[in-house]
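First, the structure itself, so that you have it in front of you.
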Amino acid sequence: MADVLQQVVSGIASGGVYALLALALVLIYRSTGVVNFAQGEMAMFSTFICWELLDRGVPYWVAFFLTLAISFVGGVLIERLVIHVVSRAQALTVVTVTIGLLILLNGAAAWIWKGEQRTLENPFPSRTFDVGGVVIAAQDIGIIAVSLAVVAVLWVFFQKTRVGLAARAAALNPESSRLHGVRVSWMLALGWGLAAVLGAVAGILVAPTQGSFDQNFMLPILIFAFAAAVLGGLDSPIGAVVGGVAVGIALNLIGTYIDFFSDLRLPAALLLILLILLLRPNGLFGRQIARRV
Amino acid sequence: MPVPLLELEGVEARYGAIRALHGITIQVGEREVVSVLGANGAGKTTTLRAISGTVRRSGGLRFDGKPLPRAPEAVARLGIAHVPEGRGTFAELTVDENLQLGAFVRRDRTGYERDYEEVLAQFPWIGERRHQQAGTLSGGEQQMLALARAFIGRPRLILVDEPSLGLAPLIVQQLFDVLRSWIDEHGMSALVVEQNANVALEHSERAYVLEVGRVAVEGSADELRGNETVRKSYLGY
Amino acid sequence: MTALRYALRAAGLALFVAVVVYVPFRISDFRSSEFALIGIYFIAILGLNILTGYTGAISLGHGAFMAIGAYTTAILVADHGMRDLWTIAIAGLVAAAAGTAFGLPALRLSGPYLALATFGIAVATPIVIKKFDGFTGGSGGINLFEAEGITGLPEFVVTLPGGHQLSFNDWLYYLTWTIALVLFVVAWGIHHSRLGRSLRAIRDNELAAAASGVWLASHKTLAFTLSAFYAGVAGALLAISAFSVQPGAFPVERSIALVVGLAVGGLGSLAPLVAGAAFLVFLPQWAQDISKAPGVPSVIYGVVLILLMMVLPMGVGGLLRRIGSPLTSRLYRRS
């Protein structure tokens, strides 16, 4: 039993990372209607930027927040310079642009950082706590704490501030928002900036747990985050968090306890999600857009 | 003659290839309610959209003597509030959040509190339903909310599109009374598009009658109401 | 369609065929194999166009249907001694069956939800192939070099009257392009058939189409089936051209490449999709020619793709339509 709990706790920690990235996907989907396939690579690039800052002797938390700021600007620029231009085009075109972005960022990271394995400093101590027989790593607690903090800050921003309200309104009803003086296109850019920040946090949290990383480390995580976002409902932030944690826990349990599936972890998780989607085509918390006929 | 608050001169507008306005010339002064009347498709809604910038238009549009910007956000920030047909309710947000959005254009916190009180006085039900999702309100309530949203931004000019649409006569009267109080007490002006000419003329100082994208008749409300030919040909009663 | 339009189309097709026949005579042997690959991608993209063009569904998993077609051919040729050419149609049918099986439940999903489902298939495919290795040869795949059913062999040489020599790559080229042209005509035929009209009606206005009596579910599943058939044929040809199949030949990237090829070629076009296929084959090479430093080819590829989509959001086909319409509208009398 303690074993299972242990797996659950560390599943929650990895789930926290998936939740952050899934939230980024949801944020962009809700505001611009785009599925940003490049979200993982944006997060990867941010992680490399953090590494670069740390490598040059910048103290950890300074580098952390500086990376977030740079990522925010990067997200805004991408939206303004690229996404905005194709925002009126058909879905296929926009998807292809994000794919192009994915390829571009991956290549750029390989080019700048020479494709070598790097290690990112771990801000959390490597000790463990024994809670009633369950061994919990300080790192996992740290990841969960940071994830919660980020989600909380975001929640406060959107629910309690004037700009946050305007951003929500711009996503829900852009026409009416304009009539109230909201610069809708800048709200969209804000969404991309915030999503980039979420991705950066996810990348910086997860990179130390993998020992070393290179420009491909976020690809599998993006897949899990995508699955989590869809599971929760692509237009539901709550869904993203719940979905992320669920995927994290499920992957851990499947990997540990079902031996046949251990190298089939990914397809097994996806199959599970597919089955859930058949029952709830808009995800667990997604809005049902009425379709009769 | 003081410069009118709003001036449209030879304004044209199109939806894609279809021209909806063929040269509209109207004026709205300070502290007055002006109605825009006419049959379906005459271009009434398009006129309001041309002002707020939600449709492509050309020609002379001046607010306070200065040319109107093209972007709807900029027009709103100048102090022109547009209550569109369809009401523009933010259905997923609460009533309170809707009002806060209405006040987005203004900067003063204390002024907002005061005006919020006034809105509550005029629409008491808002106080009871502040946390209700706006999409669950009835049509009349959404219309009132839309007007309150416009008012609470303290605009100088309110554009209202078909306030009476789908509403009971009693509510319509209430809406127009509230509008009138804003004009009188807060020095606003209003440009009201209406199908129901009778009600509109009752509450306006002046009116324009549009036909096929042009101004066919204009004059004071009394003149138009008194003119039987105009009433029969253009206003349907 | 008026007689004039038919005549123009027929002339266009004849020109297309003529160019296809003539090309190997002007290009090197290596290029023939590249153009054969373009033909294969063209087939797969034609299929994807049927799905996305008529139902709007973006599939990130059509590489899986290619894999199914490829493995069908490989298994039939290696384990059952069948002649490779006959397996092509069978491979298409098997893939089509898989497409139907997937299409039925997929109908309930829309937009990004469907995209994830198809993506899941693409991701799972190489893993599943490796897992069921008794059947599929596992990570090593299946080798076709020794098989008796293989028609074209690397040593293949035919000398034509006039002295020109056709090599194995040329044989491959003609095989793939013959099939591609046939399937191209079929796609065109579908578009102008009653089926095509129903599909277009659904695409343009689902509600109205349903109200007019068009069965949405069956038509959408059919679109899936047809597109999977095309992908399966493409996969079979891939197996024949490579003399082998491995799970590594069908990574997620292949599925994504098909989507990119469709976007570049132009959704809703037919012949311009060749441009999309050519993009997939030539651009990576061209990028590598510019620089082989790690990551730089990807940067070039990504930048070109993004710029292309910004400038030509409807792809090459869209551009041609924009240029062509003022020209052709003068040729056609308006009714």
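We call the chains A, B and C, going by the order they appear; numbering starts again at 1 in every chain.
One rule holds in what follows: contacts are C-beta pairs under 8 Å (C-beta built on N, C-alpha and C of every residue); 3 or more make two chains touch, one makes a residue touch a chain.
Values in this document were obtained by computation on a predicted structure and should not be read as measured data.
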Name the shape of the chain contact graph, picking from line, ring, star, complete and other.
line
Of all chains, the one whose CA centroid lies most distant from that of chain B is C
Of all chain pairs, which one counts the most C-beta contacts?
A-C
So the centre of each chain is just the mean of its C-alpha atoms; given that, what is the distance between chain A and chain C in Å?
33
For chain B and chain C, let me know how many angstrom lie between their CA-based centres, rounded off.
55
Chain A-chain B separation of Cα centroids, rounded to whole Å
43
Given the complex, residues on chain B that touch chain A span 52, 54, 71-73, 76-77, 81-82, 84, 88-93, 97, 100-102, 104-105, 149, 153
List of chain A residues in touch with chain B within their complex:
162, 165-166, 168-169, 172-173, 175-184
If you look only at chain A, which of its residues touch chain C in the complex?
29, 35, 82, 85-86, 89-93, 95-97, 99-112, 114-115, 215, 223, 226-227, 230, 234, 263-264, 266-267, 270-271, 273-274, 277-278, 281-283, 293
Residue set of chain C touching chain A in the complex reads 52, 56, 58, 105, 108-113, 115-117, 119-120, 123-124, 127-128, 131, 206-207, 210, 216, 256, 259-260, 262-264, 267, 293-303, 305-306, 309-310, 313-314
